[in-house]
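For reference, the structure is listed below as structure tokens.
Chain naming follows the written order as A, B, C and D, and within any one chain the residues start at number 1.
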Amino acid sequence: MSQTFIKLTKEKYSENLIRKSLYWLPKECPWTLDENDANWLITFHLGGGNCAEQLHKLLNDHILREELDKQTNLLRSEIILSALKKVQSDS
Amino acid sequence: MAEAIRIDTAEVIDAHEWSGLYVFEKYNLPKTDIPLLPRLAKNTNKQNEYLILQPFSKKAIGSIHTLKQLDHFSPGDIIYIDGQHGKIRGILNKNANANTLLVTEQCDNFCKFCSQPPKTQNDIALYEKATLSILNYGRSDLIGISGGEPTLNQKAFSTFLKTLNSFHNTTPLHILTNGRGFSDKKFCNEVTEILAERFCLWGIPIYGFESQTHNTLVEADNAFIETVSGIRNLLGAGQAIEIRVVPVRDNLKDLPLIIDFVQSNLAQVAYISLMNMEPKGLARKNFNSLFVPQRDQNSALLEAIELAEVHSLNIRLFNYALCQLDESLHKYACKSISDWKNYYTDECNTCNKKTECGGMFTSADGRFLENPRAFK
Amino acid sequence: MKKSFAYLASLISASFAAKDTVANNVIEDQSIKMLDDDHIIISKLNHSVSNLLAAHRSHRSHSSHSSHRSSAGGGYSTPRTYTPPSTYTPPAKKADPLGQTARPMSSYPSVIKESDLVKSLTDKDKRKNIIMRMQLALQFEGLYSGPIDGVMGERTRNAVKAYKKQNGVTSDGVMDAETLNALGIKGF
Amino acid sequence: MTLETPLNLPFLFRRIPKTNLTITSGYNGAFCLLEEESQIENLIRNNYERLPQDKLNELEAKSLISTQAEYALKASLHASSLATQIHRSLAKPSLFMIVPTLRCDHDCRYCQVSRAPINAEGKDLSENKIDNALSLIEAASGDDLKIEFQGGEPLLNFEFITEFIGKAKIKLQNKNVSYVICTTLTNLTTEIADFIKDENIQLSASIDGDADTHRHNRPSKYYDSFDLLQEKRKLLAEKNLDSKTSYIATVTRPSLGNAQELAEFFNSLSIDSIFIRPLTPLGFASSTARSIGYTADEYMDFYTEFLKEIIRINTQGTLFVDEMALIHLNRIFRPGSTQYVDMKSPAGLVLGSLIINYDGKVFGSDESRMLWEMTHSKELIIGDITLSSDLDFTHIAKTLKDSFLFALPGCSECAYQPYCGADPIHHLATQGDPIGNKSDSFFCNFQTLMYDLLFTMWHNSDDARKVFRSWLKL
């Protein structure tokens, strides 16, 4: 059973990004995450399948989410926190 | 066609010096703890003579003559003698399908289709008259408050409501406002506290899903943001809101987007009312740029209504003639045109849906009349 | 207290678990705060409203209101053209879009004499009511802020004086015909 | 849309697998479906000019994007919607379940912990606990509530039900109470039927499919469960109780291949709705799981066929509602409207429902009591009416605090967050942790695929949209 390796540069991919993406991989894609100074090293233990492809899809979407967060995350948190505050002061 | 006379308007002679508000008939002694209006009562001995009576006694202090019996008024109605024009008008009328009091003609919106264009003169007395009318009116059914912008003079508006409260009056009110004043949380809280014990429905216009369209139609900068903030604050105070939309050329295709806007941002409103433009006042002036025939509105109306129903928003049509609407829309149409300002054409009289139909605006005459088509 | 759901609710909405998780990846920079707490509302119909609303949903009375603004015409409306009556003399200043000019003295009705009026005021209920009417009018004129109680007190008296001054009513009484008339009060 | 370039407001997105659709949604519950894969990139990267004008309008109307001028206003509206939604979720529970007995005359394959032999001792809730139960309910409920008798088979302790309702009429006279009995119907008698009619009680009866399926899933030592069920349905018809009865079907592995037949069968019963649900992966042995269980994907492959058939039946003129789909549609189009316990954030646990077990113990949900039967972990208990009518929230509060979707890993970035719910007990039971790993969660996978399916059908199928609209009007 061959393994698949993927190398992703740290400057392009944050750890958060890597982990969030790996999180959503199906059971069929068991993985381990290693790192060196420059890169994230992902190993898929059962080769074949489309695990790598799936991971790249997930990474792509999470990059978009990060970009959106840059624009909206502060407001997003404000909305949630002030909503909670409002409910709290009300009950 | 001739200028229509509202059914509860009558001709009167030699009444100039008696201009003012009166309670019609009503012999039972009224409560003494409210500022009472004098009475107008039939002189049983003299045809078409009506006596001006002091609130308390049967003592006549004057009399007027009408051309015909005032049999469309009922005891307890509030009426107004307009001596200068020799008219008697119903103000609060038991038999009217809608009773509405005008409390000011000043407004900070200048809607392109306003049927009652704003004026600037000091008309503070209208609040006093409205207060007297409500307090002296025998009934407790819902009364409309309109303008102008009723809340433009914030002090007068809250004084008006406080005064009603001070006489333990709890008449439910349907207040037509542009809501802008309530973007001021302080004013919103003040008013809603005064209204704590009173049912109030706020009819507030939204003419677009974003500032540009709305502000252009009401010809006021910042109106959209202030109106929406006002609605938000009123909802926060637990008030019941009716969103009013007038479909015209500028916003017809946006109706579904307006529904989207309401559902996404103000989902707790009680009603959405789509109201066909009345060809009156400024609407008559701007007719060509605004007017869309009712028949050409059908598809947009249907789309908006279906969307509203998916979101379980309570939506209705006002001022549409059934013969201009697709069958599928009839159940949303309200027989809404106030019964003193609508009429039926000869064609209408042969229509078997006449009784369910609001007919035409009296103002929709000549080129403004969309040719009716009788159901047979 | 343990039983109270309000207590549980506050416990949960205090949800620090949630707050932390959310606040985590946020630069704690309140200077860029965009939301004014005052502009955040919880939408819940107050009780009287929700009840009556239920009633009104079925009961069409409210909705039978006609089109945008048209209902305004249901009440008073300003006369479009103004034709002064033959006996016309300039009205007191009080603006009155009702088409009800304050009644000029010259056209004072023959059916009622100053003396009758005075006599008719002897009844204390009538007097009280006239004072209420005056207080109501003066209140909206912004001249009187006391209770509408039908008592001719200091504040009411001053308000009347002020009004007469403003509107050039020269009579010396406080409740004489000219004053009532200028205030648009009739029927006494 | 104004000429001024807009700004993005906080929104969530998901590419719906096997389609070109991307769903975007906001904390106000609004959603907008983007038809091309590139559109979400253009939206997030502010290349608005590359989006069709009607999309921009829709996004702006729904406050997913905004002009500079309206930005603060729309932010306040988002926060207000969220505050209103949370406030509602924190209201008092409206569903109160009572287990008059754990005894049951069925041996359903998927139900092992919540039943006891028909003659077992000490498995009934005794009548002398009714007063405590009622004072608990009175204190814990709002003006409107539903009381649901569960089991076991509640009709095996019918005396309890009659006495309970008798007393409830006095104790809860100022509230609007509706009653439901969840039953196999097999113990229905003329007397019981009359009582149900007089008291205007609703029935929720189980029917898993045609004779073979039903017998396979819901066997009984004492009789042919399917034939007896049909017999009792005749009795219901005679008593005009059809309209009072709704049917619930639980799907097991053998049915996965027969979606169409199943739909046809339910339709042939001339009932106007069916609530079809996957197994609760709780309360039966893992050995059983292999024979009757399935993954969320397997179930949803089945369900997709099932729903398509239901829609076909509706388009041919029969109104036949799929209740499970309707619940989700209500969540989509009327956020916060349905009180469906699994679909709340914070969780419906306690806040949506309470259950009083046969032994008097009080739990926050049906799953909680099942988990209790399996683990006996005290944290699940919030009260015990054999001792008092008080409730103790100390343990449950923490769990609930951790059940706001916007703060949960996996949920916080999910586009279905405004419509979905947290199910801590499910994850506690299946993964040993109330938050759980969503990528490996049956609940999450099921809900996600469910919303994928409904949004796709809503967008792509005119027939489906028509049918969904007609259901939403009911």
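Side notes on the structure shown:
Criterion: contacts are C-beta pairs under 8 Å (C-beta built on N, C-alpha and C of every residue); 3 or more make two chains touch, one makes a residue touch a chain.
Just so it is clear, the model here is predicted, and its values are computed rather than measured.
Of the two chain pairs shown, B-D and A-C, the one joined by more C-beta contacts is B-D. Computed centre separation for the pair chain A/chain B is 58 angstrom, with centres defined by C-alpha atoms. Chain B and chain D have Cα centroids lying 45 Å from one another.
Centre-to-centre spacing of chain A and chain C amounts to 61 Å, using the average Cα coordinate of each chain.
Averaged C-alpha coordinates give centres for chain A and chain D that are 30 Å from one another.
Contact of a single residue of chain B with at least two other chains is seen at positions 229, 232, 235-236, 267-268. In chain A, 73, 75, 78-80, 82-84, 86-87, 90-91 are the positions where the chain touches two or more neighbouring chains simultaneously. Counting partners per residue, chain C has 9, 13-15, 18-19, 22, 34-35, 39-44 as the residues that reach two or more other chains. In this structure, the chains touch in the following pairs: A-C, A-D, B-C, B-D, C-D. Here chain C touches chain D in the complex through residues 2-3, 5, 7-9, 11-19, 21-22, 34-36, 39-44, going by the rule given at the top. Those residues of chain A that touch chain C in the shared complex are 69, 73-75, 77-88, 90-91. By the touch criterion stated above, chain B contacts chain C in their complex at residues 16-20, 22, 32, 34-39, 52-56, 59-63, 80, 82-85, 89, 91, 96-102, 105, 111, 113-116, 119, 121-132, 141-142, 144, 146-148, 155-156, 159-160, 163, 166-167, 172, 174, 176, 185, 196-201, 203, 205, 229, 232-233, 235-240, 242, 244, 246, 267-268, 270-271, 273, 275-278, 280-281, 314, 316, 318-319, 334-338, 340-341, 358, 361.
Of all the residues in chain D, the ones that touch chain B in their complex are 1-2, 26, 28-30, 57-58, 60-63, 67, 69-70, 73-74, 76-77, 80-81, 84, 333-335, 337, 469, 472-473.
Taken together, the chain C residues at the contact with chain A in this complex read 6, 9-10, 13-15, 18-19, 22-23, 25-27, 29, 32-35, 37, 40-42.
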